[in-house]
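The structures come next, written out as structure tokens.
Both complexes shown next keep chain A, but they swap its partner, so chain B is in the first and chain C is in the second.
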Partner chain A sequence: MKNFALAGNPNCGKTTLFNSLTGSTAHVGNWPGVTVDKRVGVCSLGKEAVNIVDLPGIYSLSPYTPEEVISRNYIIDEKPDCVIDIIDSTNLERNLYLTTQIMEMNVPVIVALNMMDVVEKNGDVIDELRLSQALGVPVVKISALKQDNLKRLMDLAIEAAEKKRNGKTVLEESPVGHLIKDLTIAFSSLGVSDPLFHACKLAELDELECANHPQLVNMVKEFQKVNVDSKFGQDYEALIADERYKYITSKYAIFMKKARKDDRVPTKSDKIDKVLTHVVFGIPIFLCILFVIFHFTFSENLFFLGGLFNSDCFDFIPDDSIWAGFKGLFYTENGINSPGVMLSNLVNGFTNIFSTLAGNALSGAPEWVSGLIVDGVLGGIFAVIGFLPQILVLFLFFSILEDSGYMARVAFILDKLFRKFGLSGRAFLPMIMGFGCSVPAMINTRTIADEKERIATIRVIPFFSCGAKLPILTAIAGCIAMAFGFNNVDLITMGMYVLGMVVAIVSVLLMRKTFMRGHSSPFIMELPTYHLPQAKSTALLVWDKAKHFVKKAFTVILASTIVIWFVSHFSWNWTYLPDEQMSESILSSIGQLFKPLFVPLGFGISEYGWVFVVAIVTGLIAKENVVATLGTLAASTLALMASKGIDVSATGDALNDLVMTMRATSSSLNPAALLAFIAYNMLTVPCFAAVATARGELTKKDFWITVIFWLAVSYVVSSAIYVIGSFWWTAFIYVAAIALIILCVHLYDKAKKNKEIKEANA
Partner chain B sequence: MISKKLSQFRIGETGTVVIVNGEGRVRRRLFDMGITPGCEIYLRKKAPLGDPIEVTLRGYELTLRKNEADLVVMEMKEKY
Partner chain C sequence: MQPIEIIVIIAAVSFVLAILTVYIKRRIKGEPTGDCACCHTNKEKLLKKYHKMYGCKCVNK
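Entry: the complex of A and B
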């Protein structure tokens, strides 16, 4: 089968074309060592079926960015049968710049003028026949979105692939024309394929080319000595870029007749931008949009209308029915549910039915079998599936924002603020998504160009407390309120959210100033024109994320739920233990073993502190497990305490009772210890799904450093909370230590900066 | 004709590129995006915090930071 490569600028509609050409048969494949996906699919639109390879979006074939090097090496080494060069016709000049470079390779090329529907709507006209004559390759007008002319594109591409094509350059007449001719001959005599392409790149003194063919570098140096350009001197890189653009402007761009003569006349996009990137209102508008998105995804009180209806429309369902899970689907007495919550309830309703049916079906089976299947496997997986709808709704909103072109503006608005922390504006979106779920947030970091910046962002994403951590916050804050008479639960909750953000910012700052140094990536990007998001591409994107989530996370989650269930329901001599005897299980003895580690965090001191330790461990599967485990273990622990003759408090809530009883018997369990517990859960290694995602996004080494980083940060921060909270005077020691660290980092940063400046000057 | 850097432009000003300073990746990226000597650039808008800026050139819109705009030396007609 023939291989066709899709090449083009970022945002020229390449992915849309790829999806249109390959349909649903497209599969995503990860190439090792590559941060960007290079996708392969089969297209059978033309006379014969062909493989389509989607190369990363690039502006040029320079040696500076990984995407460009991948594309360049793919075309040179893999020798595709044809390169389909996709051009955003609304931006002909800049897109043809890449074409002039691809044309220098000895590979059949066909130019696809994409987005012709938009061009025609603007009243502009492109003469594709004359453009084709000037370029010397076939040119087809298409619309990838409306699927116009795609069959013709494929037919012409297959036809072009039958013939050989020799590279052609627009630099023949330029001041370096002779040099390129001589270099081409030299490359040919060395037996190098694509001699013209290599010659053009060597004339620019391209890093890769100089390293691969050092024997020819002198030819360029000699030529430079005698040919000093009046405008560019010996800077041939600038000269060649300029020559390419000059050629495009004089020879190619003339085939486009623009209806709109002056670029300064505001377009529709400009008018929208006037509002959305307004000097004063730009940021507030963005915050409002964010709020609305989160409100629609997570709120159980839509528009703050409160409970409008007294009786549920599902009241007719008896409480013991398997359908009871659907009660409160649309609204509760507290308010109307947001679409995200409704979908989540719907899924939970179905999983409830499933669990109940499975429980009934297994009622005759041994207790451990039904326990394993219903509580272990189904319980674990359904807890995660329950979050899938909200994650997808959140993703849907964000992909709409991205598709419409607004996200590029958000990066534009916030770039300066983020640069202060050593990040670029693009890091903002993944961080905000982290409040919903770390998994999509980590995947989203792929839009960050600088690898070090991307790694730093992935590391701090879990500090933006996700939806599943919220129950920990509210439950423990509730305990503090009950047991210690501090009645501001909302203050504790919000304070913890803020703590997470502060820790994230400080960590990024420290990382970027010390061992993760790097120039914040150049922010030279194109602001796309706004367009209405396409239902099909948005749906595909969401579907893709759903598949990714289900496939990658669920293999891990399934395995881990089974393991945790076993160790919490079996003793060391492999006898099954019912829930009430969980304190004798393998898990609890492991908890006892690790308990001393948590002494500096307060909750490890008390005799029954292992309960909290075990909750932390089960929280690694899914953070919802923390509260669930605490609840289960609290009940059995209270039973244990009562049997020892301790006066157990009885308010009805097992966790509250446990905290109050522990408070009465030991002085170590103070509010600071409970706050440390929240902080530890919030900042430590996130759930398995997020860990698996981080593993997929990072190299092995970076991944393990990340895990250690999570453990260290959570331990340091939460022990500081406990120690300062218990012994207020230690605050001075911490302040002094922090001041010392800041001073050291500052001095280090200064020294490094001076060194970097010196190196740059040398 | 007065000469100033692209980073010093005010909203609504137009000029022609004279030199692109800097080196390596950033400079090449500027060239690749079409910021070459002789090209006309119009400063369309600035972000709410004054940085980055958005310019129009070669019929499209480009966003770049002041750091990068600092490398672009422009020439503009004096106002009259």
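Entry: the complex of A and C
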């Protein structure tokens, strides 16, 4: 099978084209640097099926960043049968800079003019035929998003792959043309393939070329001595870049006729940016947008209208009916439900029916069988599945923000703030991905050039709450609302998201000002133009999220609920224990063993606090397991409490009942303890998959420091939440301690800076 | 022991063992085990389908 490589500038639509050609659902982001490693798929659109390799976006074939090295090495070493060079047609000149470098290789090339729909909408025209003649390679107009002309692109690429092509350079007539000719001959005599490409790169004194061919470096140095350019001196890298652009402007860019003559007139995107990226209002606007999203996803009091309706529209359903789960679907006496809550209630209504039917069907079965299936497996799985609609609604909003181009602006807004803390806005992009899943986010940190900055970013990525942690936030926030009458679930969830971000920023500040000092690399990013979110890409993202979530629920989480139920109903001598004797179980004894560790966090004080402790441990497998474990154990723990004569709540939701009953038996289980539980789960060691990724991205030493860092940060922050929340006056002690730490860090930083200046002067 | 008890025990144990086996197998082979595992499986399926259609056994040239 032939191998075709997709190459192009960042954010020119390579991954969109890759998805369209291969039917994949790889993550597409409207910001540069989403793809950091090559990805392979099969395309059957053309005359024959071919392997398509999606390469990271690059501006040149010089090895400035790891992505550029990946793309360059793939094209040189793997020798694809054809390189499909994707060009963002709205920015033809800058994109052709890479094309001129790819064309220097002895590889068939086809140029795909992407985003032609936008070009045509702007009234601009590109003469593809004349551009093709000038470049000497086929040129095809396409729209990867709308899937226009993709078959023609593949047919032409297959045709091009069957012909041999020799490299061609635009630098022949430049002041270094003679040097390049000589170097090409020298490389050819050495038997190096792609001699022209290597010659052009060595003329730039490219680091990799100099290291690989030191014997030829002198040729360039000698040439430099006698050929000093009037403008660039001996800086041949700048000279060659200038020559390339001059050639592109005079020979290629002339084939694009722009409708808008004056580039100084602000576009619609410029006008929107004046408001959204405002130096003062930028961050408050971002926080407001975030609040609106959380309000529409989690609020049970939409628009703060309160209880407009006295009676439920489902009041006619008797309380003992299997349909009773649908009561309060649209509104309650507290207010109107947000779309996220409505959908969640709908799913919970159906899962209640299913649980009731399963319970009825198993009424004649032995007690343990019905306990395992109804309370254990279904209780655990449905506790997690119930939050799927809210997760999807939240991701739909995030996907809209991302696809519209706003998220890239947030990185730009935060760059100024981050820079003060020793990070660049570049580090924010992997952090945004962390809201979805920590695994790709950690991999995406490869775009950060400074190693210390990269390590610091990997360490704080799990603090950006991923989709798997959302059920914990929502479930426990719901319990706080139910048990303590604080009905703003949206504020709690958003507050926890913001807490994660604040902890991340403070952690980075401490790291970068103390033992991980260094200069953050400059953040230069081309802001994508605003566009309306594409229904297909947002739908794909939501569908992908739902698919992964359901698959995980019915595999890993289902298996976990079975194991949890067994270890919570068997003693160490393998005797079955009914719910009433659960405190003698294997799980209970393990939970009781670790419970004292969590006393400073509040939720470890209560007699039944071990339930929360084991939920934390099972959460290490997958974070959804935290709620699944609580759901699995809730019914059994309530039965255990009832057997001890405790008055058990019966609202119909086992988890809420558990929290309300525990609250009635122990004053330590207050809202602060529950918030500490959420914070601990959010900030502690992430799931196995994320831990394995961190291990892969870090050295052994850095990895273990990172694990200790996660444990320490989560413990300190959660205990502070509990202590301050329970004893308000301790806030003064914490403020004093924080002020002292800030002073120490400031003095340390100042002393280090003075030392660095002295060393530099010396 | 009733038949339903035997069925539930066998089903629960085999399901947990199957999940564990797949996880261990993936770890040994160095394949992704998190969310990315799905994409990996999809790619394998697609290639298998292609090889079946064209009768080619090699992935690369």
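In the analysis below, the second predicted complex is superposed on the first by the 426 of 762 C-alpha atoms of A that agree within 3 Å, B and C clash if a C-alpha of one lies under 4 Å from a C-alpha of the other, contacts with A are read in each partner's own complex, and residues count from 1 in each chain.
Keep in mind that, in the parts below, a contact is a pair of C-beta atoms (placed from the backbone, for glycine too) under 8 Å apart; a residue touches a chain by one contact, two chains touch by 3 or more.
Just so it is clear, the structure is predicted and the values come from calculations on it, not from any experiment.
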{"item": "Which of chain B and chain C A:589 touches, first, second, both or neither", "value": "neither"}
{"item": "First (chain B), second (chain C), both or neither touched by A:132", "value": "neither"}
{"item": "Touching partner for A:60 - first (chain B), second (chain C), both, neither", "value": "first"}
{"item": "Partner chain(s) touched by A:365 [first = chain B, second = chain C, both, neither]", "value": "second"}
{"item": "Complex contact set, residues of chain A against chain C", "value": "1-3, 22-26, 40-42, 44, 49, 51, 81, 365-366, 368-369, 372-373, 437, 439-440, 547-548, 551-552, 555-556, 558-559, 562-563, 566, 687-690, 692-693"}
{"item": "Chain C to chain A touching residues, read off their complex", "value": "2, 4-5, 8, 12, 15-16, 19-20, 32-36, 38-39, 42-43, 46-47, 50, 53-54, 56, 58-61"}
{"item": "In the complex with chain B, residue positions of chain A that touch it", "value": "59-60, 62, 64-65, 90-94, 97, 231-232, 237-238, 241-242, 245-246, 258, 263-264, 270, 273, 277-280, 282-283, 408, 412-413, 415-417, 419, 522-527, 529"}
{"item": "Complex contacts: residues of chain B adjacent to chain A", "value": "14, 20, 24-34, 36-39, 42, 44-52, 54, 56, 58-65, 67-68"}
